[in-house]
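Pasting in a structure now, in structure tokens, and then I'll have a few things to ask.
Each chain carries a letter (A, B, C and D) given by its place in the written order, and its residues are counted from 1.
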Amino acid sequence: MKAAVVPAFNAPLEIRDVEVPEPAAGQVLVKIEASGLCHTDIHAAHGDWPVKPKMPLIPGHEGVGTVVAVGDGVRTPKVGSRVALPWLGKACGSCRYCIAGRETYCLRPAYMGYTIDGGYAEYALGYASHVVKVPDSVSSFEAAPIACAGVTTYAALKSAAPQPAETVMVVGVGGLGHLGLQYGKVFGCRTIAVDVEDDKLALAQALGADVVVDARGDQQAQVAAAGGADIALITVPSPKVMAAAHAALNPLGRLVLVGLPADNQVTLPVFETVLKGIRVQGSLVGTRNDLADCYALHAAGRTKVIAEPVALEDVNACFDRVLAGKVPARLVFDLN
Amino acid sequence: MKAAVVPAFNAPLEIRDVEVPEPAAGQVLVKIEASGLCHTDIHAAHGDWPVKPKMPLIPGHEGVGTVVAVGDGVRTPKVGSRVALPWLGKACGSCRYCIAGRETYCLRPAYMGYTIDGGYAEYALGYASHVVKVPDSVSSFEAAPIACAGVTTYAALKSAAPQPAETVMVVGVGGLGHLGLQYGKVFGCRTIAVDVEDDKLALAQALGADVVVDARGDQQAQVAAAGGADIALITVPSPKVMAAAHAALNPLGRLVLVGLPADNQVTLPVFETVLKGIRVQGSLVGTRNDLADCYALHAAGRTKVIAEPVALEDVNACFDRVLAGKVPARLVFDLN
Amino acid sequence: MKAAVVPAFNAPLEIRDVEVPEPAAGQVLVKIEASGLCHTDIHAAHGDWPVKPKMPLIPGHEGVGTVVAVGDGVRTPKVGSRVALPWLGKACGSCRYCIAGRETYCLRPAYMGYTIDGGYAEYALGYASHVVKVPDSVSSFEAAPIACAGVTTYAALKSAAPQPAETVMVVGVGGLGHLGLQYGKVFGCRTIAVDVEDDKLALAQALGADVVVDARGDQQAQVAAAGGADIALITVPSPKVMAAAHAALNPLGRLVLVGLPADNQVTLPVFETVLKGIRVQGSLVGTRNDLADCYALHAAGRTKVIAEPVALEDVNACFDRVLAGKVPARLVFDLN
Amino acid sequence: MKAAVVPAFNAPLEIRDVEVPEPAAGQVLVKIEASGLCHTDIHAAHGDWPVKPKMPLIPGHEGVGTVVAVGDGVRTPKVGSRVALPWLGKACGSCRYCIAGRETYCLRPAYMGYTIDGGYAEYALGYASHVVKVPDSVSSFEAAPIACAGVTTYAALKSAAPQPAETVMVVGVGGLGHLGLQYGKVFGCRTIAVDVEDDKLALAQALGADVVVDARGDQQAQVAAAGGADIALITVPSPKVMAAAHAALNPLGRLVLVGLPADNQVTLPVFETVLKGIRVQGSLVGTRNDLADCYALHAAGRTKVIAEPVALEDVNACFDRVLAGKVPARLVFDLN
């Protein structure tokens, strides 16, 4: 099968012909139809983070396709089902976090396209327990970005317990942000979109943002004029951006972090945090329930996916485009 | 009446004879019997924080005494009632935070011993709506530290939603910490006490801490050996201490900040915050309900107050002792 | 001024010319422009419930109009402001429920159009602290039903903590139900509307209900076919309807009661309640924050009000129409 | 091996010599040391409930003992570990309730001593994933009642989100109630114990109940005099008792049901439920986390188990004693 392989940290990816893997007990083999490109894949290929991925690596945690074979003991999903292979490849099911319904914080997880091979290939293995069914009315192309960009922002907002009529500020209107903005609406909130590029600001407007803030100007003044933010969802992994969003929060505001900056340190003011009762909280992707919810919401017409189909052969050029910020919200490898 | 007055920022306090104030409509005049010394009073006298107190100032937000006169329209408390005059002198009752039951984040608050005169005096004015009744079985001497050190740590823990059998780590076993430790037990939690002084560690042991960690040694190793912390309550306003506690947190851990460092900046790692789903949250004192709860818990024998009675005339020496760390958990001015 | 007065329990209302009241300290005088008719007003006039209203009584707790005079000490709202006068005329602000942000359960409340005179008149008195500002873009006619029918269903759903992609079943698509259905969407939920009349079912469809169930047929089968309900909001005060909705709940389902049946007793199965972890919960109107949220949501275009303007002189005929079920979602007295 | 077997509904149990079962893949074989007798076992033997158990049946869902063999694929627990075999024999791990951390509401569960054989025997099979480790410092004899009576009342209270200084009323001071009362304290609450027998009331006193109410007298007056209840935990499966407890609730009170009455119907007043914002909620046993918490709390000295060791051969006499109410809090079969 064709696969895009990272041979070593920081080396360009290679399009290789590798053997189709066989599903072991509990696994399913999925013929990939669409596979989203997440910035995390680039960090993985570069070995940017404290915990390193397997190497060589087939990246990808937004793979969607059809089950073509199942391993021993697998009763569901059946061959022919269409499923997503998200970041959380597998959770143990028996640590206190899994038992408590917080499987993304599992003590013994497998991560797709990181600790195990992912969806940048014609076929990929997933665990039957953790692949998530895609509704018939949701195309694989649209299902792909929802598998990570969607569920990550959805679960992040959910962790902040948004209440209707609260104001959600989404910083960065890219792959994550354009979906986060729409989830803000799903939670009944008023939304403020923040970006520094004209096309992103236009996209935010088109997606129904109540207020659009051009951060090339005075972000703080614009957000304050809009009544401040109760929740700020940061999809731009920059400590400076996080601190600016912290300053824009109302009392009892929540600053939600999902992205990992190269520079791992964020500096925040204690006085304002205490006096305003502010919360700064990290959130990691979402559970199987969260992803099923995201698909149900999409099937119900409550979200739109903005993405561009690209060829897997162009993976290195695509990485360059993402690094240069020259992409619509998401690039999705078309493997049909 | 006798009062300790801060004449100007950084000047020594003066014991002055000032006129007994008269209660305006909605106010009560309280004959103070005991008045705790909180580190905040020293910050107020020094003008350490971004928002400055009135000047000259009578400090004190742990005053407890008996109502001796009431202003127009006051039906309760009655003359003769014993009440506490906590930090939250008054909240507006009509901003969205007050209506939501989060009055400590009121948009138009009055703070005792900060924006209005406080309890370092023989008499003090309070607002009838916001003084809190002290049960008969709780002495004024014990009620004083609970009015701030108690309710602040109680509400801080409550904001972290502790569950029984979770582990609460309390860093700093002083005025706040010695009560926070006991509230950890009240919430059904296992407790780890952290300090750097022998007498504080011995106090923690005596108060029933399950694990006592001497931070002069390897704090992280000791906490890890004890299973890590689910909640860390920081009563030592040091960014370095906050960062060390962050590193000791389990997945889904909560770092709760209540104290305000002179150096206002805390630096925290984003990677661990996101990967572990950690929350960093500020908490400001507590509501009238919280303080009533603290008194009920004390009356029920669930907490002990460790404090030393001192004379108001010795206020400057007392400030010096606090700054030198040469005090038991709390100093309380005896005004009987 | 003209007012509709209940002279005695079960007597027809009389249109009388009564004196315009004067605002006491803390009160505002409001020139009523629109005033909704709630079924509760009929119960009040009939003395149906265990706790009886004042008599004679001017009913009405959906009055909306413009402040024309204020009593002593009132700084806000100002003369000229447009406000709603909801069921919760006043809460004490100092009981444990008020302090906790649950003012609708205040121990010493005043209820508009029940314990104090209400909005079936050209002028009404309200308490400055508890009238709620109406945004400019929301007409008084539309603001009226939101003041009770809206906020009651909004707060009821909120008390059940709906999560996006959960299924909310709204039983009864009348004054309350037609708004409850829309709030279900606001919370991101899938909605099932249940009624027994063709025009109500058509209204539900028009308002975007995902599933419409005609309860003249087999309600349980239809709801089961639609996947069951996670939350059932009962706006029809019938014990039989409540029990039928209980049977339609999924595990962890919540049955939310807001209406008061003449027959006060509801009988429910314990086995299913325990085995499925079901909650049956009452909810009483909403707080000032809740109502402000409802107005903000309406101003943002997220709800529509279905109502018919009627003349106050026709109040008795209107009562008859409501009792006969011959009304659109809501009747609103036009007092302009 | 020796086992107590229910041969048919309503027939006396028989002590039989049956073959020791062999653990299949994913299972463990446990040599039972202690096995509690829960009233549910009697209901199972009588076929009292809508859903019937397997027949013939070895009852028992409070079995505790040592793993002596494991099936294929079991890595933990190891042979030699001491574990409990609670009611929730197995949950599927993949339905929305399991994923959400609510495994006791699993759509495809196995129940020990009900749908599969239980702990009234020298050996029993459990699922490796769902047996719960017992700490060394907790004896099997004490661990047995905690496995159901403990965790059921613990999880029931937890589902009501008790806050310190709230009042928990526990109705019935038997197997469940005597532990529920202690968990009330663990949550920081004030406790009211209600019973109708002198020895149970004395036990409640000895266990530290703050108020003891003899329901042979005027229960409502006594509870009202004690300030009412915020949470009522009903361990007596009687609709009349449930209704009496409902009437004793404060605003925002929670009525928690865990037991299943023979007469399945409970009748409750809607008016009070709505006006006071009361919740009536069912709760079914507890999760693996909950049980681990209960054991940790017991190991920490926060609970005491009151129980009497009995011989398995006396099982029919023991059932009679339970039905006659002639037992201390719990009977535990000693199988050592």
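Basically, a residue touches a chain if its C-beta (ideal position, glycine included) is under 8 Å from a C-beta of that chain, and two chains touch if they have at least 3 such contacts.
Keep in mind the model is a prediction, meaning the values are calculated, not measured.
Novice: From subunit B, what is the lowest number of touch steps before subunit C is reached?
Specialist: 1
Novice: Do subunit A and subunit B, two copies of one chain sequence, contact each other through the same residue numbers, with over half in common, or through different ones?
Specialist: Mostly the same residues form this interface, as more than half of the numbers used are common to both chains.
Novice: Let me have the rounded angstrom distance from the C-alpha centre of subunit A over to the C-alpha centre of subunit D, please.
Specialist: Each chain's C-alpha centroid was found; their separation is 42 Å.
Novice: Among the residues of subunit C, pick out those that touch two or more other chains and give their numbers.
Specialist: Residues 102, 292.
Novice: Help me check something: in the complex, which residues belonging to subunit C touch subunit B?
Specialist: Subunit C residues touching subunit B: 76, 93-94, 96, 99-103, 129, 287-289, 292.
Novice: Touching residues of subunit B toward subunit A in the complex: what are they?
Specialist: 49-51, 97, 102, 104-105, 107, 159, 237, 239, 242, 251-252, 257-261, 264-284
Novice: Using the touch definition up top, name the residues of subunit D that touch subunit B in the complex.
Specialist: My answer: residues 154, 158, 163-165, 183, 186-188, 190, 210, 292-293, 296-297, 300, 302.
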